[in-house]
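Think of it as A, B, C and D in the order they're written, each chain with its own count starting at 1.
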């Protein structure tokens, strides 16, 4: 292919690379050591999600369903921390359930980073663990919670958990929050379409365009996209956390990437002209 | 015999594609061969191996990180076919070749592909067991292992063909830093293609990966089957054209037909 | 007989198991369903047996490096030591053994996140070196890459219009491009599978 | 902090930097990490496989399903490849694996990546975008036609511009995927850096 790509500037490219790696290292590290508080406009989709959750009366029950793999968890974790803090601050009961095997452990470690405001396990919130089968499991849970779930993540029979007493089916929830790195359609079919339960999506950034039509059609009441959405939610509940740090780092990182791609072309063209 | 619900149309689509492939294979058997457009990435393999030889470097081949028993199976087999061809070139030119393997069940296939190539070139005595290297069944094991090999064994041609996941970017960049000519391709996991498309010198997209072995073999029967695959593409284009016209006319029986 | 040993029997086995999977998917035939479920379970057990091939491969290569005192032979010895240690502790002391647990949690599990992290640095060098504008195609690649970065970067929300255009790029041309590749992929895989099941693909079987 | 967990953090942080040292240079430091990890991961794979084999066979035999002896024998047959006269035996179990994989791919891909993709193309959510997607999808697909092209004349010209549009669509898609994936990659790096900074501050704080 192009001669200039590898051959004459090989040594130069190696030297360049180290400087670039260092620049990226610094760009990502600075905000971690000292958060910059770069401007962060709050998008409509996140604001809608926040406003819906904020308007829930106290004593409401919320289902937090999870389907995010280990590798993508960091993208939704800040948002999850923010929403859990928000829910706990409003004395709303939270039931957590996972459609993937890793999520129960991930959410446990996330919960250690949430200020629980004295809320009690089993009374105010519960982690029901993992249920295999995706849409089949969703449908079974929505229809008959006690039919599918016998024990929580720790093996406690759910009859012994006060929170589960009034929760028999999907109808008993006021809101479904779906943390997802996969398609939202099955959850919409099983909860929104079948039982009319409102739903908010916390998703990885890659899914935003696919979920947009559901938002405009009103099938989901709000959407919190990835790290950026998580940071926006942190701002809305006025508790800047790791989301804000990460978005600062992302902003710097992206500026660097864009500058590098332009700079790379400028240098390449000037060398090309120089060689003629 | 009872059809499963919702799979009838899919079954007939498969029958049409397979039927077309068989028809063109039979046509090839009686000597009617279709001409195949050139795939630059495949022509470049010879150039890449040649340059590695000139520079006294070696050739690294990674047939993906997929195994055999899942949908990634055919992609792995496609990689093995090209490995066989690359090994032939290496045997001919006396260039060192290393195949990096992740899934253990792929080891026999890779060994068979390389040793057969060396035997066919009449250089079986130059075949060494360490040409096939298992680098653990972990995605990052093969990544770190291959990155190490790229620098230590002066890899000047890096060919990656098969199923790849998150490690694709690491492999492609490490190969570029090592100064290798890179030819890469992957199919089912399309999200990894941007790295290959932007970083590597040549990139094979989707279907090109699967036909690579057939094109390189120059075997008329295998080439014939590619014409059969093209029938599938014409079928898709027709269905989309008719379907979108029906959508505009607000008729939905084609969709219902495809869903039976 | 020798010719059977080489090609015919393996091809028959491949074709039988392959077509069985296809038939099971489309038709409700209880016998086929139970046989093919059985064969799939068998295949996963056989693949488990094959893991020993990996350890054997490492054993042969690295033992020979140690024996001939090749460059870095002590590293090869270390690799074998670590592998055998993991196997012995893991099998006889179970994976819950404190040593196994310590190594797994602090070394093995460290590598995944570390390598994912490494990709950010490679992303930077790739942006600098690989996103060259050589043609209209590569210019559009660069523009759509920058647009989508701006979409995910918080700072992108400040520039008016970016969100709309970037969402359109991801929704429309991106969907179309990926879909075209996927359609081709399906056909390519079917073609290769048919060639394999009928014994025309020769890459991995001896001539 | 407990000694063991402190040691664990130290090991994890050091290991991270040993691997990242590759960015500066492929050196002895990286090599130790590389060889350690490959050894460890291979050992772990064997442990997992042994676990799977004993569990599967154990539970099958305990309920009297002696048919499971057959796959066990097939599995062991792979190892006949180390003795030349019996190499052919080792090809039989591998042939079974190849058959299962190709069969699964055929049936899975025709459904998920062919019919489903066509259905979602002709059932668009918005009209104008839907039509553009359909046209661009067909142009992209044309790019993959290998054995047919029109001969000369204006058809040829039209065909070439379809190919061009197909290629451009693919490249725009590649750029979009590049940009989207960049987010994930940077996020993961930030979370690793956060881990290191937190670990170091915990270690210093004791």
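One rule holds in what follows: contacts are C-beta pairs under 8 Å (C-beta built on N, C-alpha and C of every residue); 3 or more make two chains touch, one makes a residue touch a chain.
Note that the coordinates shown come from a computational prediction; the quantities given were computed from them, not determined experimentally.
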{"item": "Result of counting contacting C-beta pairs for B-C and C-D, higher pair", "value": "C-D"}
{"item": "Central subunit by CA centre of mass proxy", "value": "D"}
{"item": "Distance between the centres, which are taken as Cα means, of subunit D and subunit C, whole angstrom", "value": "3"}
{"item": "Geometric centre distance via CA averages, subunit D-subunit B, whole Å", "value": "14"}
{"item": "Whole-Å gap between the CA centroids of subunit A and subunit B", "value": "35"}
{"item": "Per-residue multi-chain contacts in subunit B, two or more chains", "value": "7, 10, 14, 17, 67-69, 71, 74, 77, 104-105, 108-109, 134, 136-138, 140, 144, 166, 169, 174, 176-177, 188, 190, 193-195, 197-198, 205-208, 211, 226, 229, 232-233, 236"}
{"item": "Subunit A, residues touching no fewer than two other chains", "value": "5, 13, 17, 21, 24, 28, 71, 205, 226, 250, 253-254, 257"}
{"item": "Residues of subunit C engaged with two or more neighbouring chains", "value": "22, 25-26, 40, 43-44, 46-47, 50-54, 58, 111-112, 115-116, 118-121, 123, 125, 129, 131, 141-142, 145-146, 149, 151-153, 170-171, 178, 181-187, 189-190, 192-194, 196, 204-205"}
{"item": "Residue ranges of subunit C touching subunit B (in the complex, touch as defined)", "value": "22, 25-29, 40, 43-44, 46-47, 50-54, 57-58, 60-61, 64, 111-112, 115-116, 118-119, 122-123, 125-126, 129-131, 141, 145, 178, 181-196, 198, 200-207"}
{"item": "Residues on subunit C engaged by subunit A in the complex (per definition of touch)", "value": "112, 116, 120-121, 123-125, 127-129, 131-134, 142, 145-146, 149-158, 163, 167, 170-171"}
{"item": "Touching residues on subunit A, where the partner in the complex is subunit C", "value": "2, 5, 13, 16-17, 20-21, 23-25, 28, 38-41, 43, 70-71, 205, 208-209, 212, 226, 228, 231, 247-248, 250-251, 253-258, 260-261, 263-265, 268"}
{"item": "Of subunit C, residues touching subunit D in the complex", "value": "5-6, 9-11, 13-22, 25-26, 38-56, 58, 72, 75-76, 78-87, 90-91, 95, 102-108, 110-111, 113-121, 123, 136-138, 140-149, 151-153, 166, 168-187, 189-190, 192-194, 196-197, 204-205"}
{"item": "Residue ranges of subunit A touching subunit D (in the complex, touch as defined)", "value": "17-18, 21, 24, 28-29, 32-33, 71-72, 74-75, 204-206, 213, 226-227, 242, 245-246, 249-250, 253-254, 257"}
